[in-house]
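Lettered A, B, C and D in written order, each chain numbered from 1.
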């Protein structure tokens, strides 16, 4: 199974008074990795949101923290799709520093029409489904 | 079982381009609720961190999102301790708006000596344990 | 001249690896103080944004930092209107801790129609102008 | 006069309910640009902070906002040193999108010993001064 890599550097402001990364930032980075995932796949989320009024609001997220991150650390997130239901998908994110896993989590999100007042779940388009399968970003059944 | 309430208002900057709260902020608020929990219990975390060099780094966190939050929403987080091991505890957070549950999650954290370069887990002090039990913030065994 | 007070507490995540508040947060708090200013005046900005499609995008902001802020500090921001032109206003913010000034800045903002793709400056409504003058939140000419 | 370029992309979470970038983020990016400036110059700020206990707390900052930024915009910040006093320096930041200036500001910061409880201003080292002049990042007097 292939993965899509998202790379970033820990900024000074991402740390807290204990000198390590303030943990909600991991979720900010997972969110960035998911946007990067669809953009790399050929579906830039900025275009989805602005032109097609499609967003992917969060349903559930989780993260396990093994080792702390520090200012200036270079981090890679490896993202894969672990499940695609009709309207809902699960994307897994592994945080690596120098090749070692430092944290890992996932996000469950819904494919949504965001043109109305509140997001409304709709079917994940076949072209997105096909792109994920073609790039082997999900375990084939 | 009793709960400790933490109240806040959603700020303008907490929302994203879809007009709803950007989800990593829920973890920021869970973190604030945990600090508020120990402070209310009689152990202000700012004192713990500064004077006793004790912190509670995150091991695992999770959140389920049922309904979106919007700018100016008034939110209450109800926090309870669901497990206290020797060095590690789990604190549960329920997000309420107008009495309705809009999200719920938990944090697993370690009681740590943060005087060194990296946090080192140590036993949760008995006075903390006793305060939690005395205030019935954990299910009695 | 009267002032409108906005009160907040410094959260753990607001600090950086040097143990003091990461400075962009002061602007986040100035933004909150401005929203609080109009809301207290009788014009809740959440209603303005959602129902009237009116926002107040920033044109210029500045801050002077005299003393650092730390985790758990209780802070008051005193806000006054120092200038109201046809479409643009300047709001001044003074940060106080235990009665001492620790920082001070201002924001220049435009009263804008945000119903279109990009914000468009429009005249500040007379009822807003009148409320500011009636509450003596601006130096009378 | 030469400039040091810092490049970044606007993330989804950087925008607010009006769909444009929430302005305190510009200061976050200026802070990142300053860290990048010294790191590029040969003085990585993460090393300065951790090993030499030297930081550069903010004294004053200002920004003018000409055009809004949107999700996925690619932005370059051009940074130059406009003044270096004994202990205090001013660094100017120009935000460019597709070659057009969209915002501009500056930061005044003090070179500080951060080994104690509170930062203490100390003389900017000659090697930093020399590097800035050698790379022509400041107007020669």
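Here is the rule we go by: a contact is a pair of C-beta atoms (placed from the backbone, for glycine too) under 8 Å apart; a residue touches a chain by one contact, two chains touch by 3 or more.
None of these values were measured; they are calculated from a predicted model.
Peer 1: Across the interfaces C-D and B-C, which one involves more C-beta pairs in contact?
Peer 2: C-D
Peer 1: Specify the chain most distant from chain B by Cα centroid.
Peer 2: D
Peer 1: Centre to centre, by mean C-alpha position, how many angstrom separate chain B and chain D?
Peer 2: 34
Peer 1: Can you give the whole-Å distance between the Cα centres of chain C and chain D?
Peer 2: Here chain C and chain D have centroids separated by 24 Å.
Peer 1: Distance between chain B and chain C based on Cα centroids, please, to the nearest Å.
Peer 2: It comes to 29 Å between the two C-alpha centres.
Peer 1: Which chain B residues sit where two or more other chains touch them?
Peer 2: 12-13, 17, 22, 24, 28, 31, 49, 70-71
Peer 1: Quick check on the complex: what are the chain D residues that touch chain A?
Peer 2: 11-13, 28, 31-32, 35, 39, 44-46, 49-50, 70-72
Peer 1: Using the touch rule from the top, collect the residues of chain C that touch chain D in their complex.
Peer 2: 17-18, 20, 22-25, 27-28, 31, 49, 55, 57-65, 68, 114, 118-119
Peer 1: Considering only the defined contacts, which chain D positions touch chain B in the complex?
Peer 2: 12-13, 15-17, 19, 22, 24, 70-71
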